[in-house]
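Each of the two complexes below includes chain A, the first together with chain B, the second together with chain C.
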Partner chain A sequence: MGGARKFMAKIMEEPRKAFITGNEAVTWGALAAGAEIMFGYPITPQNEVMHYWTRLAPQYGKGFLQTEDELSAGFTVCGAVQGGKKAFTATAGPGNVLMQEPFGMAEAMRLPLFAVIQQRGGPSSGTVVYSQQEVTLTTFGGNGEGHRIVYSTASHQEIYDYTIKGFNTAWKYRFPTFLLGDGYQAKMREPLEMYNPEDRGIKMIETYPLIGLPGHIGDNREPQHLCNIYSLEEELYEVVMKVSAEYEKISPEIVEYEEKECENADIIILTHGVVSRAADDAVKALRAQGIKAGYFRPITLRPFPQKQLREAIAKSGAKKLLIAESAYGQLDRLTKQEIYGETIKIENLFMPGVGIIDYDIINKIKSIL
Partner chain B sequence: MSLIKIALAGEGGQGVQSIAEILAEAAYNENKQTIYIPNFGLEQRGGVSIAFIQFSDKRIGAPKFNKADVVVALSERAVERTAIYSDENTLFVYDSGFKAEAAEALPKEAKKIIGIAAIDTANHELHPRVFNIIIMGAVIGLTNVVSFEGAKAALEHKLAYKFEKNPDLRELNFKALEIGKNMAEESLKEGVAK
Partner chain C sequence: MGMIAPVTPKSWYLPSKPHKFCPGCGHGIVLKALGETIDELEIQDKVVFGCDIGCSLLAWNFFACDSTQTHHGRTTPVMVGIKRSRPELVTIGYMGDGGGYSIGSQHLLNSAVRNEKITLILVNNTNYGMTGGQMAPTTLPGQKTETSPYGRDPELTGYPTKGPEFIAELTPASAYVARATVAKYKQLKRFLRNALRNQMEGNGFSFVEVLSTCPTNWRTNAQQTWNFLEEEMEPYFPIGELKSPFGKGDK
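Right after this comes the complex of A and B.
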């Protein structure tokens, strides 16, 4: 594995192309981002993130701990980041369900937790393969208000890019941050370019401890207030309102989306993640046939680019919005709550747990136009 | 090169995923756009193993597909499992060694159904272990998704440590690759009847 170390050194010198799986892209991205430790528990289709990390980590003096379950993996990340360590985890499906408890703690205590979710089929153990059924869970799971940042990637390049970005987002804003992938992206191989973030003008944020700080509270420093339980309703109310206001304030800086051919469209196709690749192809094919289709893809599912989607609808003059997803209406619900009041007719292509290709979208469009 | 979609299917251990990976890497090294994804469901544990590979000059969309340009099925069960990926534009390739038994399961729709005696050739003329390399050669013969030289280079890269230990393996693998390629090219010319 000396080869891997050399390869990383080369990436740090100049960008390198590679043909690897999405799980490997996560690992390389985490290394490039300067991650120090991963905590995890095995679950398909995320396993290889751990697998590659455990191979690479010892060569770079990085840490890894396999915990007894996902609850523990999530909480150990919560602990490590409080100690100032750039820590992360990765999970999927039922593991994502279990991790909602620590993810909620990260929301409550404003911990810079970074987690990679490779969606598999559900409910329950579902399939080990693929879905987009963890949208609701990843954006609004837990007993809180969804104060999270969720990037939904569509290619290995984006997996690498947003793994690097995800750590920075988490440490800059101190909201738990997620890279939402899926089993297809996790397991497929495709080319990408890996690079040293600094060469792209990306400054990695220096981590810092949240506890054990020098000085004395009330004497020469303020208390940290890392708290996940309150005695009084009013105390909690005050905190949640404050955090909500902060989340709303920073949302415009964080929102990311991709829009194509929406200037003049009869129908806009709304997808996220890997399905947007099929939507992109579908729009090209439909346009070639004289059907005016547009493409809109939220990259951040939380916060959602609702303003930008409303603008796209307005300028396109589109009469219909087709929401296509490998789930039974999770993106659909998320979108509807975000663009409440819009009168555009919303159509659906729900294919829970299976892939969607351009052909499926083209057929659906033709049946509704 | 426009988009070419290939599904390779066989029993676990037949080396389907290995050759898919080598083909995909060879294409990547020739600066083509490539996506390779294995099926990895529970069926993989003791079931039919399928590799989905796509090649193109342009960015490739979805990682899986409904219908393939080429399906290669290496066992009876693989034939049954992959018939759904075949339509009127598909070259459906199977090992002729199990022709009689699999005939019923062969897809109703295909551009051409091609039987290749890969298992038999490997067992009698080469070595059973290079059976999958014959298939890899056949895929190249049918599609030209990668050059023959590119395929050899990718094999060399993948099996370098084995070739180092036993240089005879290099010749054996390259021979298998060539035989497979020739078999496929011949079958296209002959137009083996559907």
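Right after this comes the complex of A and C.
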């Protein structure tokens, strides 16, 4: 452990440039965030998160368990965080489907679960490559109300930054928190700067146990009874309404977005995740050609920056909103429910399971303007 | 008018008593034996009690021990997650035959193979009680349930799962595997004690199946209930220690 700490200090004491895959960036981000144990099950394209973690974890005295399936990976994380440990998992596609069960428990019991989702093609086994088809599942999966926090990253720097932030968000607010990446981000190499969060003024939230508390029951503490099923409609209603109110209250603090060139635009391009890089390039190219395009990107898909998007639409004077995504309308549906009542015309570029480049967006815009 | 209150284990949570199990249900006996064992081992402060969904969910606030309620079949991985991250705690997973042998069987099997240092107690009453008496993996051949109304036909649905037998095959010698019955209280307590000791000593996986009663869904009176337990269940599900690091098995 002493040796591990020394190693940690050596690596992280000063910021370090690296050229690594997104999965490796997740692992380093988790280490920097002080994650203590990972539970995982193999599925492409997230495997290397486990590969790097299993190589690095022993050097830092951290734990790992390869579970029998994703149900188990999710539920072991639920157990470990109840024990007060900073635990996480990573999955994709059908694994994300299975994990909706433990993610639902984390929602219901307000467990600070953190999971990295590297989207692959769907439905079903789909492809192992890439998509943005796990938006609906990650934001609103399960038999609940979508009381989750979902960060959609667009670069390796963001993967690193939001892995650190994701743990803090989960433990601060106790809503299950997700980093939504994809196969491209998982497998590509890209430069980024790694750092120790404290050196950037980021205070890591102290973890605490919900069970296995210190002290003597009946002497100086009460037993903890964590409930997850209710006998009466009214009991459940009160719990869900309370949680909903808390979620709505904290949402303005959590919402993050990125906006460019929306002050004066004829069309706003709305994208998330890695596709927003194509949108960014497209806006620059279109502006150079005299076409007034703007850029809006929700970083948090849950909660959604709906107020900020409405404001961007209002101030831009744009007549059209182009929603481009590597899915058949998942961001589109999410956006429409969030900005209900806006009269801006919505156009679509749906490319399920394949990448989108600036050229695709530019062509689409030229065809609709 | 005085009432004589029965002696209750110190580790019981009295505000939740009297408990909510049906009259004649065996859960109360198992949980009394477990409570007394927790007291005797003086582990009340270290226990994390996790209960499954099914009738076992009613035990969520049964003990004055830290307790957590999970999903149907998922108590085992939750206990594994707690134990792996907090090895100093004594984790007890409590489940029924449906949760353990059917929907959660992959967790049971794999945690046994990994020799996880947890204690699981599985109450076998040959049916899904909470959902209204459907056929379980442990339903006996010919036994009528809501989903085997003409009696379980092994040709169609196989033979009853013998849990401790298969777990004994999967585990190393440091595991503890036993089958008890609510009809033999002292033996039940001894088995539970061994199952907890085995975890506390860091030996390995500890599993106790307990044969229990369900007069509500069996639609039996007191005498028929006890007869079914002793005359029908016990011959099919033999009582005893199948594997014990504490010496020769007690048959």
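Remarks
Please note the rule applied: the second predicted complex is superposed on the first by the 346 of 369 C-alpha atoms of A that agree within 3 Å, B and C clash if a C-alpha of one lies under 4 Å from a C-alpha of the other, contacts with A are read in each partner's own complex, and residues count from 1 in each chain.
Throughout what follows, a contact is a pair of C-beta atoms (placed from the backbone, for glycine too) under 8 Å apart; a residue touches a chain by one contact, two chains touch by 3 or more.
Just so we're clear, the structure is a prediction, and the values are computed from it rather than from any experiment.
With the C-alpha superposition on chain A as described, chain C and chain B fit side by side in the combined arrangement. In the superposition on chain A, A:K187 makes contact with chain B only, while chain C stays out of contact range. When the two complexes are overlaid, the chain among chain B and chain C that reaches more residues of chain A is C.
In the superposition on chain A, A:L179 makes contact with neither chain B nor chain C.
In the superposed model, A:F39 makes contact with chain C only, not with chain B. In the superposition on chain A, A:G83 contacts chain C only, with no contact to chain B. In the superposition on chain A, no contact is made by A:L98 with either chain B or chain C. Within the superposed three-chain model, A:A278 lies in touch with chain B and out of touch with chain C [touch as defined at top]. Residue contacts after overlaying the shared chain place A:L113 against neither chain B nor chain C.
With the two structures overlaid on their shared chain A, chain B and chain C come no closer than 28 Å at the level of C-alpha atoms.
The touching residues of chain C, counted against chain A in their complex, run 10, 13, 44-46, 48, 50, 53, 57, 60-61, 63-71, 74, 77-86, 89, 106-107, 109-110. Put simply, chain A touches chain B in their complex at residues 19, 44-45, 127-129, 183-185, 187-191, 274-275, 277-278, 280-281, 355-359. Note for the complex: chain B touches chain A at residues 21, 24-25, 28, 33-42, 60-66. Contacts from chain A toward chain C in the complex involve residues 36-37, 39, 63, 65, 67-69, 71-72, 75-80, 82-85, 87, 101-102, 105, 209-213, 215-218, 223-229.
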